[in-house]
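Chain naming follows the written order as A, B and C, and within any one chain the residues start at number 1.
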């Protein structure tokens, strides 16, 4: 939607996100920051899965590759800002490697190959002490600085993450609205029609994985200084399942989907913690419930809201 | 309607060889022989009909040419070049368009998006498709085609919401978008009402005069006999007759095939 | 050599248990394109039911066995009626997430409502070692292998010879055609879900003495069964059998000859090898495509 009026509601959200950290402390701020990292990751997976329809259950592995790239480089004195694009590119490279099996297999076979890759990368992270620090991981990861400005505090790092989230959203919209985005959607909707009209499944499936992995790598790179410590447990295939859930629950193939999904799945369990022991049961019931009654994802709720509140209609993409 | 393919401009040895040359094409599905050593030659500028009773292997034949699956035996040459090992998308970009019996559309996209999707991969390269957003020319062409098919008013309608006949027309419009030299149509008038049927056949003739070559699978005998200059008949995967409509209509083997005389 | 044969038997015994869970998996996929990520929990729950009936309530073994199978079938039936029916239209991924949710629900539900601790289930068959010419193995392993094999054989006969079984085959091949032939497809799908739960229930009873009865045992089992199904060929029942046995053998042999710590890694490596060389599985049939 062109024009500044259409951007207004998004502007409100962004202003809100800018003000929030001043009211939050410690753990809550951390969870919010973690949500931002997850938004970036979910955006990537949404391109691979939501738009191109390729089942990727190794997103956490790409994240881990990015995180370890930054972790290793930064603890050896390299600049964070050098490690960030490198993290994205190396993860992207591995994404392309996974893309090759995607050319031959679909659905559950592909799912298994990606899980297999995740398990193998986990094992490498765990075993190769000389590189990754083994099961103890890498600690004392410093926060980056911009020139003289140290982004050491939680609040300042939060703002850095917010900047990258906005970059991630804008870049993903740019890609999706290009012919690449249309080709991805075509592949997801009807592979036979796609290839009959000249769409190279090889190229685009590889791209879908590569692009998604790039976002994951960048997300992982930003994750490392957030926690200041990384270990293999953060990048298991269980975590990959969580990103899958984020994308599906939020709404596949929609721009708002990964944002909603990442926020809800990251913050939801924390909010539910009040129910103490029962929170996991409630959480899993909510998942089932959403799949039963809102299988297009929670973005459907946003769509309904748009119908009721005319102002929001301007934000429809 | 401008035609943007190369056929009109070629002068040289390529114009002397058949556009499509199929030699001894066979397709086996385990023990089932779907296509059995069929030879076929299509010259540029022809409209050829491919007929035969149900299950005679016509669609399988098309599938082997466009490499939806690889042929078990035989080879196919397009403009003198072997198509061995090519993928369907490569074949499409080479200039062979094809429709399916079961309409294949992008149901969640709009009519206009479907039309644009049918041509976007025929222009530029991977990188340009990311950066180049201008589609005015393609849009214009799409709208002209839709206009002709009486569907311009539906351009923003989701393809899944169209009626069967409209979807069939969209399918037809899509295959024409990139201006392929050779167009393989699998039952283009199935389920379409009489008026539109005539319009489609007229349009095929017009495009043919401008240089596009057509091979048409059809069950509607009126359409086939009127539209096609040459007809090939398949039965049980084998070519049993070939010739002008008059020759075919009086061919005993063809009559037997259709009226079920067992061999 | 004697070691090897002992390991072989042990591996077969475990493998056949994986098979019975994997077969249910494959049946569900074939007839309704359902990938049930809660399959492991479908084994875990009857395990607890069995403990409850036989250990806690001290009901006789055969009664507990029957009631457990009944409870398990009921669970399968409800699963289909309440969840799958609605989810089928949503596609594979929706079903994946929903069954993931169900898996978590059953797992944490069991942990909270019963116990997070490991429970104990006595061996059904005597674990007295039998010795034949220096080879020592337990009779339990042999009983497991024999009984489960018989059950699988009965299942095979049911599917191939009975009218109902043939209807199942028809639905697995093409739902549309089956409907046109007068088969009530929805009923067959319900039947297959109940059948799956019967299989997992039976599996539970044999697994209980061998593994441990704990709320999270389903995760491991489910994953192994999934891998077994893929290795064997997701489209074939005999594939699931071959796959389960293969996984059991590889696990046991690798653990003994190479290293216990990496046992699971070997199954994964095997999976990757199969996916690279013969993705349709050991017993599967290759589908052509460009």
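Convention: a contact is a pair of C-beta atoms (placed from the backbone, for glycine too) under 8 Å apart; a residue touches a chain by one contact, two chains touch by 3 or more.
Everything numeric here is computed off the predicted structure, so don't read it as measured data.
With centres computed as the average of Cα coordinates, no chain lies farther from chain B than C. Centrality annotation: A (chain centre taken as mean Cα position, compared with the mean over all protein Cα atoms).
Averaged Cα coordinates give chain A a centre that lies 43 Å from the centre of chain B.
Taking the mean of the C-alpha atoms as each chain's centre, chain B and chain C sit 48 Å apart.
A separation of 34 Å divides the Cα centre of chain A from that of chain C. Residue positions 195 of chain A each touch two or more of the other chains. Shown for chain C are the residues in touch with two or more other chains, namely 290. In chain B, the residues that reach two or more other chains under the touch definition are 68, 87-88. By the touch criterion stated above, chain A contacts chain C in their complex at residues 49, 55, 101, 104-105, 107-109, 112-113, 116, 119-120, 123, 195, 241, 244-245, 248-249, 252, 277-278, 280-281, 283-288, 291-292, 295.
Touching chain B in their complex are the following residues of chain A: 175, 177-180, 182-183, 185-186, 189-190, 192-203, 207.
Interface of chain B with chain A (complex): residues 66, 68, 87-90, 92-93, 98, 100, 104-109, 113, 116-122, 126, 129-133, 174, 178.
Chain C makes touch with chain A in their complex at residues 29, 35, 83, 86-87, 90, 92-98, 100-105, 108-109, 112, 226-227, 230, 234, 265, 268, 271-272, 275, 279, 290.
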